[in-house]
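Can you keep this structure in mind? I'll have questions shortly.
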């Protein structure tokens, strides 16, 4: 089928490529003429304006937005007046599901459908396919299934779950209609929240291995430092790249994140190219807020989030306060370095 | 080669089977004659006593212990006098690495070698192979490579890490000599610590999805309960089995643990067969203690461990104290259920 | 001065009493005639309706609301039409500061002033005085200082902070104008967030002491339980009431919460009267959400909040998932009790 | 009575002063002659050697050690041969209770008594008195009560806990015999663990207040930063010194630590004199390890400990790993500063 695509960054352009490989036609638009031109050369139908994009799409139209979350409302505002009742808008970015709920209502008043699609797969999506979590009305979602199916990874990319044979549905084909407006981004939000926890688990564990030679370092002995009681028990020099690699085969903790970790540690065992200031991009925060609203305990996901804040120096004032208190009651002075 | 195996529980007997499939000979012993008999029928060489086991092994002998951690010292004590200098003992169970360090010293005094092997793979090891993390002296470890190779998963079980071609080593063959005595169980310990974190991340995230319909429940409105400000934002009824399934394909959080989770949720969507009293088997505790000794922050792994304690009701006294304090300063009474 | 008070629950009626003790006049209203009558007997001026309350107050009026947070908007809606420009409304309850910001704007459009006052002191406030954190426009706050001063604890209730002599301000008199609309409840919100952390710290520590005899209990020895390595190190039977008491004198952790804890433990050493289902009343949640918005790491306050959720069984589904995963990869069965 | 004191640092010398003020005699020794001389000038009986100290004490002797934890075993080794059966040694420092258990056994073999005393009070102890948690045999503890009573704060330093009248015991006099060998330091260990949690709770909460103006800062808008949804809700400039001060009077979170915090914030509102590298001195670590041994959930105390590690840069490698993973799956580059 023919789909409009707005936003030709890395994600948007790769999706267009994957769709065209599956035989779909894409009418593409981007604020950058160059980006449009590049996709035209790859086989897409270019549009120099939103009007042209609307004109080149058959009704009922389907337009996929792949723009930064902060730009979605503006894009919808520009696009909606150019569409007709029955057309469908798809937000494939990282919107907060709360915005989806609002947008679906606003667009419904114009007779437009709104679908929110959380996608996972990152820079590997073109090759591996995109896992898609979808929210919105059943009719428009159903109509767009060929698009979702083309973007999704092949079913054979993972072995079949035993007992799945009779269940049907699209989950094992890599896309899922999760529920009404916002459901797709809600599930994607939690997906990312889980991602924070998984990443932190690997990072903390590997850090313990990295420092397993703590006993070999001549410890500074002063009143402000706790000496190791049994330094000989911490005299291992582990090869982290090898350890991550061996865990990839047969262990309980094998995963795609571990695959990537093994690759990074192989390339750069001491990770000297990174400063360790870890960004967080919204979903982790929203996940924890949702947990709080629901009264669901999430000590692990929360700890992962707060450690990201700490990594960026955001704990500095609190840490200074601790030093100030220690100074006040015990006369303790901070150790330098 | 010919290997002695002591302990024919699920793990030990499966290992014997996998070794024999690869052409190795196993002399097997267990306190249960039945267990020995079953393996003899499967092709193993039975031993009715430790003396017989020792007699049936060529020197230098190699004996693999697959007994509960609490029984290893006793087994070593029984076995050592029956061995000769140059023989090697392998502990393939879940020993604390601190014990390995001690045992290696004790056995060295008798001229015996001690190898600690942390294995991961669980009940799937027979079929998938066992990931093996190995500690001990280089010589004996080298000599036993055919055994480790036979137990390990095939290299092709995971795609090759880009850039690995030139590096050599055995990591991508599923087993790794990690360092001296205790190194194998140290790495396995941290492996399990990571496992706790990964499991908790999935469990917490899926629990948020499970309770995403919190807004649909008629909330009890009293002074002790915080009402949801926007209940309509929590009106999703998610199918967790489908969501776990869709994440298995193409998403950043795909993993073997997720594969298993998808299977469990398919079989039993509400998990009613479980009480939620989660055991912890030692390695998670030791991991956090090692982190503390090394001053390595592990907020996520720690939170996962403490939540396991909580799941078993161990927080009860602390929780009662909180209620008591709230009663004291605010006159708050606990809500019943 | 003369103040209107709406809401004569425990907090409201005690405040009226404290104000009258200081020589102020209170015009009181409550949905319950009985409650009004009781305060009239204590010396207050009763009002049978909001109209009567408004009529009995001199302009510019000042009316203090001491009603449940969920009822404040309704109360403001009833009251505002009966007031005149220049009058001031005070919300002394536990409102979310976000609501204060909105209300102040709405009331400003009618020429009314809105002051938010977070109060701490609980059931002891009548006797000890109420710590007050105040938000709103400077003029009305200034005008109401005699009220705040009367409700506040005496300056001598705590020894003077060294160096405070020259600083001025009202902080050491027990009330503080913290900033514009919402500032009072923002500070109170964080106050309660801190309270959650403090309470959890005591509760966890005392729980460690409570279980310091773990080594004396005949441990169940099975594969699902980690035995204590050195049980003789955990053979203390501590008297928690005595320990809390001794900490009250001279220790770094003495506090008012500890005073209350010592009292509760004295009355009921095993706390058998409590079930351990700990409520959370909103401020703790809002505190953590504010921290997330600000990117401020709050691992401790978050952990305290999530443990409260856990205490009420909200972790059950996640815990069951952990058991399900353990069953899947390791064949582990849950221990019963 | 007459007591020997070894170790005349700040703690030891202040204790000698407080004891002498109460009429006790102290025979003092320190490796520094100057330190001895200073105490002699203050009224103590100097000893130039351990032999002299032993000679100047009547039997059964009582010698209090106030030396760094790392030096206690050496000091006991030097001292024990100079003592006679029935004499008592007191360790008043911050020993690990595990060492107490061992030492008590070793000294018992020589007929010597060993008492462990955890003391809290810091640099204020001379003036306020020392809270003392005591472990050891009942007889020697009983005999030393006059010493403990002199060091303790006066009973009137805190108001009596209601209902305490009939209970008896010494807890409300500021010292407590908690149990056998190690009990004193066990309770002190947990005391410090609680202290970590309390301190973190205040520090985190005040940090939220400190950053409550986050909405006023021109945010960097890029794909790696989550913008505030409602920046106007974070536009407060709070005076932390005033807020800490107001909380000191009448609030639920008043405490001695808050008193000190108010003082520090008054002197140095931005805490610029501190770097925020927070030491941890052993007890916090041991507390969490004890909790793990006992299976007692301590999410809050653990989070406080791990944040201290983080404050010293110990999370760096884990943080770099997170950045590496994000780079690997999403092509994310770290933001510079």
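Couple of notes before you dig in:
Think of it as A, B, C and D in the order they're written, each chain with its own count starting at 1.
The criterion applied here is as follows: a residue touches a chain if its C-beta (ideal position, glycine included) is under 8 Å from a C-beta of that chain, and two chains touch if they have at least 3 such contacts.
Chains and their UniProt names: A, B, C, D = 6-phosphogluconate dehydrogenase.
Because the structure is predicted, anything quoted here is derived from the model rather than measured.
Separation of subunit A from subunit C in touch steps, taking the shortest path, is 1. For the pair subunit A and subunit B, the fraction of shared interface numbers is greater than half, so the two copies use mostly the same residues to meet. With centres taken as mean Cα positions, subunit C sits 44 Å from subunit B.
Mean C-alpha positions place subunit C and subunit D at a centre distance of 29 Å. Centre-to-centre spacing of subunit B and subunit D amounts to 38 Å, using the average Cα coordinate of each chain. Across the assembly, subunit A contributes 122, 200, 202, 204, 206-207, 210-211, 229, 252, 256-257, 263, 285, 293, 295-299, 302-303, 306-307, 310, 315, 318, 329 as residues in contact with two or more other chains.
Those residues of subunit C whose C-beta lies close enough to touch subunit A in the complex are 252, 285, 288-289, 292-293, 295-299, 302-303, 305-307, 309-310, 312, 314-315, 318, 329.
Put simply, subunit C touches subunit B in their complex at residues 10, 68, 70, 96, 122-124, 199-200, 202-204, 206-207, 210-211, 221, 223-227, 229, 256-257, 260-261, 263-265, 268, 271, 274-282, 285, 299, 303, 307-308, 310-311, 315-332, 334-337. Subunit B makes touch with subunit A in their complex at residues 97-98, 101, 120-122, 125, 128-133, 152-153, 155, 157-159, 161-164, 167, 169-176, 178-180, 182-183, 186-187, 190-191, 193-198, 200-202, 204-209, 211-212, 214, 228-229, 232-239, 241-243, 245-259, 262-263, 266-267, 287, 290-291, 293-304, 306-307.
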